[in-house]
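One chain, subunit A, links the two complexes that follow: it is found with subunit B in the first and with subunit C in the second.
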Partner chain A sequence: MIKKARRTARAAGVACVLTLALGLTACGSSDSGTDGAGDPQAALEKGGTITVWAWEPTLKQVAKDFEAEHPKVKVKLVNAGTGDDQYKALQNAISAGSGVPDVAQIEYYALGQFSLAKSLTDLSGRGAGKLASSYSPGPWNAVEDGGKVYALPMDSGPMALFYNKDVFDKHHIKVPATWDEYVEAARKLHKADPHAYIANDTGDAGFTTSLIWQAGGRPYGVKGTDVSIDFSDAGTTTYTKTWQKLLDDDLLAPVSSWSDEWYKGLSDGTIATLATGAWMPANLVSGAPDAAGSWRAAPLPQWKAGDPASAENGGSSLAIPEKSGKKDLAYAFLEYADAGAGVKSRIKNGAFPATTADLKSKEFLDATFDYFGGQQANKVFAESAANVADDWSYLPFQAYANSIFNDKVGKAYSSGTRLADGLTQWQDASRTYGTEQGFNVGK
Partner chain B sequence: MTTLSPPATAGRPAPPPRGPHRRRAWVGWGFVGPFVAVFALVFLAPIAYSVYLSLFRAQLVGGTSFVGLDNYSRAMQDPQFWSALGRVSLFLLIQVPVMLGLALLVALAVDSGRLHGRNFFRIAIFLPYAVPAVVASLMWAFMYGTRFGLVGNINDTFGVSLPDPLSPGLILASIGNIVTWEFMGYNMLIFYAALRVIPHSLYEAAEIDGAGQLRVITAIKLPAIRGALVVATIFSIIGSFQLFNEPSILQNLAPNAITTYFTPNFYTYSLAFSGQQHNYAATVAILMGIFTMIIAYAVQLRGMRKEA
Partner chain C sequence: MGASAPTAAPLSEGLRPRRASALRTPHAKSMGRRPRRSVLLTVLTGLMLVYALVPLVWLAINATKTQQGLLHSFGLWFDADFALWSNIGDTLTYDDGVFVRWLLNTLLYVVAGAGGATFLAVLGGYALAKFDFPGKRAIFAVVIGAVAVPGTALAVPTFLMFSQMGLTNTPWAVIIPSLISPFGLYLMWVFAADAIPVELLEAARIDGASELRTFFTVSLPLLAPGIVTVLLFTMVATWNNYFLPLIMIKDPDWYPLTLGLSSWNDQASTAGGEPVFNLVITGSLLTIVPLIAAFLLLQRHWQSGLAAGSVKE
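Take a look at the complex of A and B:
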């Protein structure tokens, strides 16, 4: 035991020397250690620079306002990639012990991986524990675990169907209320215009799990380190049966989300719908400005007519890495952006909040979206949020599982493998990884 | 030269060198020292650290434990590792000969003196090498696009439907095309430089003997640049085994054609940064280093034997 400890120390020494050779200062511990929560007010007056890694567009204004309010504080907002790319960079920085941001945007599904490895600061001692009632239960459950709070919810993603009204009107297509109608609409549209598709999909783990969630499937079970993964339940089958039809008839544009082609498709009407989280409008405004006025929001199509169900897709939080050197300042920013004045500014710019007070306010519900031709889209989103079943859980290693989704399920999109078989392979690979990582994996 | 070391007498060990000898030895170290220190720090230490890492296993639950050579035996049975290795081997067997063949052809053409605008060709063919691999991949990726890219435009304009270069079946060939475009000029320059140092008297002698151009190439030029050919081949082998930039950029556009274990390097990257399996990633990296060394060394031995 002692021998091993010494070995580790030596390894750390080697790492230190290597890091020093590269001209970085990383050795020794910064102010962290056990989390002595300081006084954020004092930190704000003292000033300093904090680095924030986030890709959410409305944070830009929040950072500006925060700086204006606290002239001695500088917020360095860095886009270190979207989703998985950012988590790779963050994991990398945490392992290396240098270049770790003071605040990082982390989607709910990926929080488990970082909190499990004790890479995130517990915020409960800083007053975050008292914020529980300020947030919707779904997002709050995602950031809280056993009395510890690992992040503050920034936005939530109750799903809705965004659709290009101009394209639908042009081809006299009715907005689908069920997924069966959606398939019909897809056929009709693609027949009328071979360049146009109802949606793009090249295999997206988050989207797939969200639709399974909506269909009532619960493939993941998590209890501490006991994990179960099973993609053969009824909800999953409901999803695969319908989606397989779209794949079989080539009714989905082979374009990956967030690519240049995708934004072009959203702008020019060749991608006619987008079933995604309510955080999307801000991205549409910045990514497809030419299509302003064409898009509308509608409730997510249902699996069973007359039985409204919804799911969350994405939604993210702001967390403070354990290795941040400026936790007091970082928390002040967190509170400002996720619970304070920043929330209003973000809502104004199209973000979808996780704070209940804002979700219920008349001002929020009555807000009109110029991009959606003056539609009061928040009403659609708020209704969706009310229909989300809250018994869903993600794996503690969901970020990794999602990163291998296309290895396994991708074949269903590119070369005729059945979607259900792809999901079974994904399930097996996830189980194998879970076992390797020391989890107690069951079915 | 007189003897530097005294002859060893039977039964008595030779006395150790003393006085000026020893001091001289230390002076030598003084000169070599800075180099050795930097070499140890930036070359040996990382390798040693990787080897050290590869003997452990870190789990999300349960922490780090010493596992000896377990990671190595796991790699030997890992179908994803072998499929990655198989893929780059296939790439090596097809792309490298094509690229070096083209480079040689161009070098011979430029060297022949029968080409109009020789300098222009030389620069034009070398230019892609100056484009960073990431930029080159992005550029080609846009051209490969079947919706808005060049391929898409050709399809629309001529009403044809070309196969999708980013589909799983063609992606390796598409990457081969990018790599050939990038590195042909570089190899051409190596060959061309070797061709320029061939003494002119040999060509004159060949002319007197009545040798044609083809004979000059096979009897004089090719044997003379064998060394350059071997060097270029070894570089290309190493480059193939280290294939990373191109698949990594194209993955965003073709997520279902490029798996997270597409090439050994890409696999190492995914293991370390998505899977947090740093120990296993180190193992795969070390194994790949050994494989590359063996194959490059074999090629070098073979090349030298022919030369002799």
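Take a look at the complex of A and C:
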């Protein structure tokens, strides 16, 4: 029953995205959102209540601390859904013109959808423009566009390879430094233990695009409403060739990420590695406590040996919707949570920062992880963050594109379709959708 | 009511079949057991029973496991440590006891929404069955048409309308749409047409009872089985409602249980989130207990309601 209702919810969401993009042209004529930036200090002293839509658990403490520091301010922290669910709700509220929060958590990949529709406040006039050097390049590039700053980076996900050391040791497998070695490790592991897989993958848009990013592929180009989508460049081909080998030999566990089966696999060693963002440790600690001490973090395998490249996976920002009525107060909170004292509190509670000062601080780098057998894992992550190429961009309708990923590319995981063909179909469907929404879509 | 002869006769006549049917049920059970048995039908029924019960059994078994136990034990059997009580305790206290708040919200939506829907359906169904007025056929067409429109299809337009009226994010956004139950209305209409003899109403009118009094003292008791049936339907619909609150309510303080549990479930798929599958499962079990209780308590009325139509003819 619930399942069914959710599917309908998804369909309704698609309809909402439709209205959003249609609204693009209508929104185009409105002023470009240089609002009269007031004095945050005065707003803080005057007090008031701001509503924050976010699902990030570490913000609870930040909101409490912020309230303690500014007794007249109340922060109403609302979990309006995780990821896509929240974006639909936000889109609905923006279209309806009421119930719009003052601050919203938005993942980097989905920012374009809101900033291009002019639904977000440009923060550059409020001092955010001077913060460029405070953040690592990947996240900053995601929130900034043509001199305008649409959000402040909250966390980041420079990728690393998490691996189950016990499983690797048991089967005498060397930690792979390149993706070719990774494929070899996958073969060796699955041969030694047919129940065990090097990784799980049932088709995940965010993961696929991140690996293409690392491989040097730049399938998306965005300049205002001019959009290009091309999954045939060299970087993408590098990725598909290697990943196809894993698919051909059934070396990937058919388990979806975040399912209970996935947590089970991470706990019992049948899923031996995880290439994902540096925010993962907190999830391992709470989701796979049985495997404490077994896991380690290693640099992400490379496409070319000796040429370290990395990519971001996940990570989100805090933005102020254009329709918020309390922008001064909202910005004060944003600054506190993403650039001020809130960052330290969030790191303490397991979040991975986007601020360079913290990424470089000795305290941060020297922190040991009991879960990783005392490893100073942040050193691995910080190095990855520094190696992220910052010229990647997502589509302004990435949320929709990701939602159809499994219809197109998913076939490569379930049937005999080639991964490259699946990506071509995804590219064509995304182009068609973009054109329908009024973008100038080229190759 | 006056005890004049013409009233008494139809009154007892009207009541007798219902009483009789209620009394007959246990008899019919003990006597009608004999007929031939079909192995095939028994097996099929058995399969259906298993199909219906396995998820419930799974839920009950897994509510006794810890989060870790869930991951390393076999799904349809118990884990070494029995954690049901601590799970229930954790469910009720997790996140400052927000589960209790969601339970109370759900109760509010059910009492106001399903109760109100039943009340309106009874009034409307009775009026449509027992009074003649112009436009009745048109209303019939609208009601039948409305039965065919799924509530989910109306949710988004309703959201846009409600948000203009400033009603979203309030309990009204869930209660008001729940008040409308075309199916309940139709059911009451059909039921009232059968269950209340026109002669009985005429007798009451001749005795000088007002329409309102006739409705409450004569008709309402006769409608009881139908009312219970409609109440159960609307209750289940409101209790399990997911999509409407999902669209309308963004404030966790006003979530019903369905949304709350789903938000707990989503925690597992968030960076830095804590998976609490054990609480989701225990919470789901707690969520269905009141519904099961309602069914068991109202079952007797409901059965006689189902039987009423068949015995009457």
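One rule holds in what follows: the second predicted complex is superposed on the first by the 402 of 443 C-alpha atoms of A that agree within 3 Å, B and C clash if a C-alpha of one lies under 4 Å from a C-alpha of the other, contacts with A are read in each partner's own complex, and residues count from 1 in each chain.
Here is the rule we go by: a residue touches a chain if its C-beta (ideal position, glycine included) is under 8 Å from a C-beta of that chain, and two chains touch if they have at least 3 such contacts.
Predicted, not measured: the structure shown is a model, and the values here were computed from it.
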Contacts of A:N406 with subunit B and subunit C, given as first, second, both or neither: first
Which superposed partner A:D169 touches (first subunit B, second subunit C, both, neither): neither
A:Q91 touches, of subunit B and subunit C: first, second, both or neither? first
First, second, both or neither for A:G350, with subunit B first and subunit C second: second
First, second, both or neither for A:E56, with subunit B first and subunit C second: second
Which of subunit B and subunit C A:K264 touches, first, second, both or neither: both
Which of subunit B and subunit C A:V78 touches, first, second, both or neither: second
Contacts of A:E436 with subunit B and subunit C, given as first, second, both or neither: first
Partner chain in contact with A:D428 - subunit B first, subunit C second, else both or neither: neither
Common interface residues of subunit A - those touching subunit B in one complex and subunit C in the other: 8, 15, 92, 95, 260, 264
In the complex with subunit A, residue positions of subunit C that touch it: 67-68, 70-72, 152, 155-156, 159-160, 163-164, 166, 168-169, 240, 242-243, 246-247, 250-252, 258, 262-263, 266-275, 277
Residue ranges of subunit B touching subunit A (in the complex, touch as defined): 41-42, 45-46, 48-49, 52-53, 59-62, 64, 66, 145, 147-148, 167-168, 252-253, 255-257, 259-261, 270, 273-278
Residue ranges of subunit A in contact with subunit B within the complex: 4, 8, 11, 14-15, 17-18, 21, 84, 87-88, 91-92, 95, 113, 116-117, 202-203, 225, 253, 255-256, 259-261, 264-265, 270, 396-397, 399-400, 403-404, 406-407, 410-411, 413-415, 433, 436-439
Residues of subunit A defined as touching subunit C within the complex: 1-2, 5-6, 8-9, 12, 15-16, 53, 55-58, 78-82, 85, 89, 92-93, 95-99, 155, 157, 257-258, 260, 263-264, 267-268, 277, 279-280, 282-283, 286-290, 314-315, 349-351
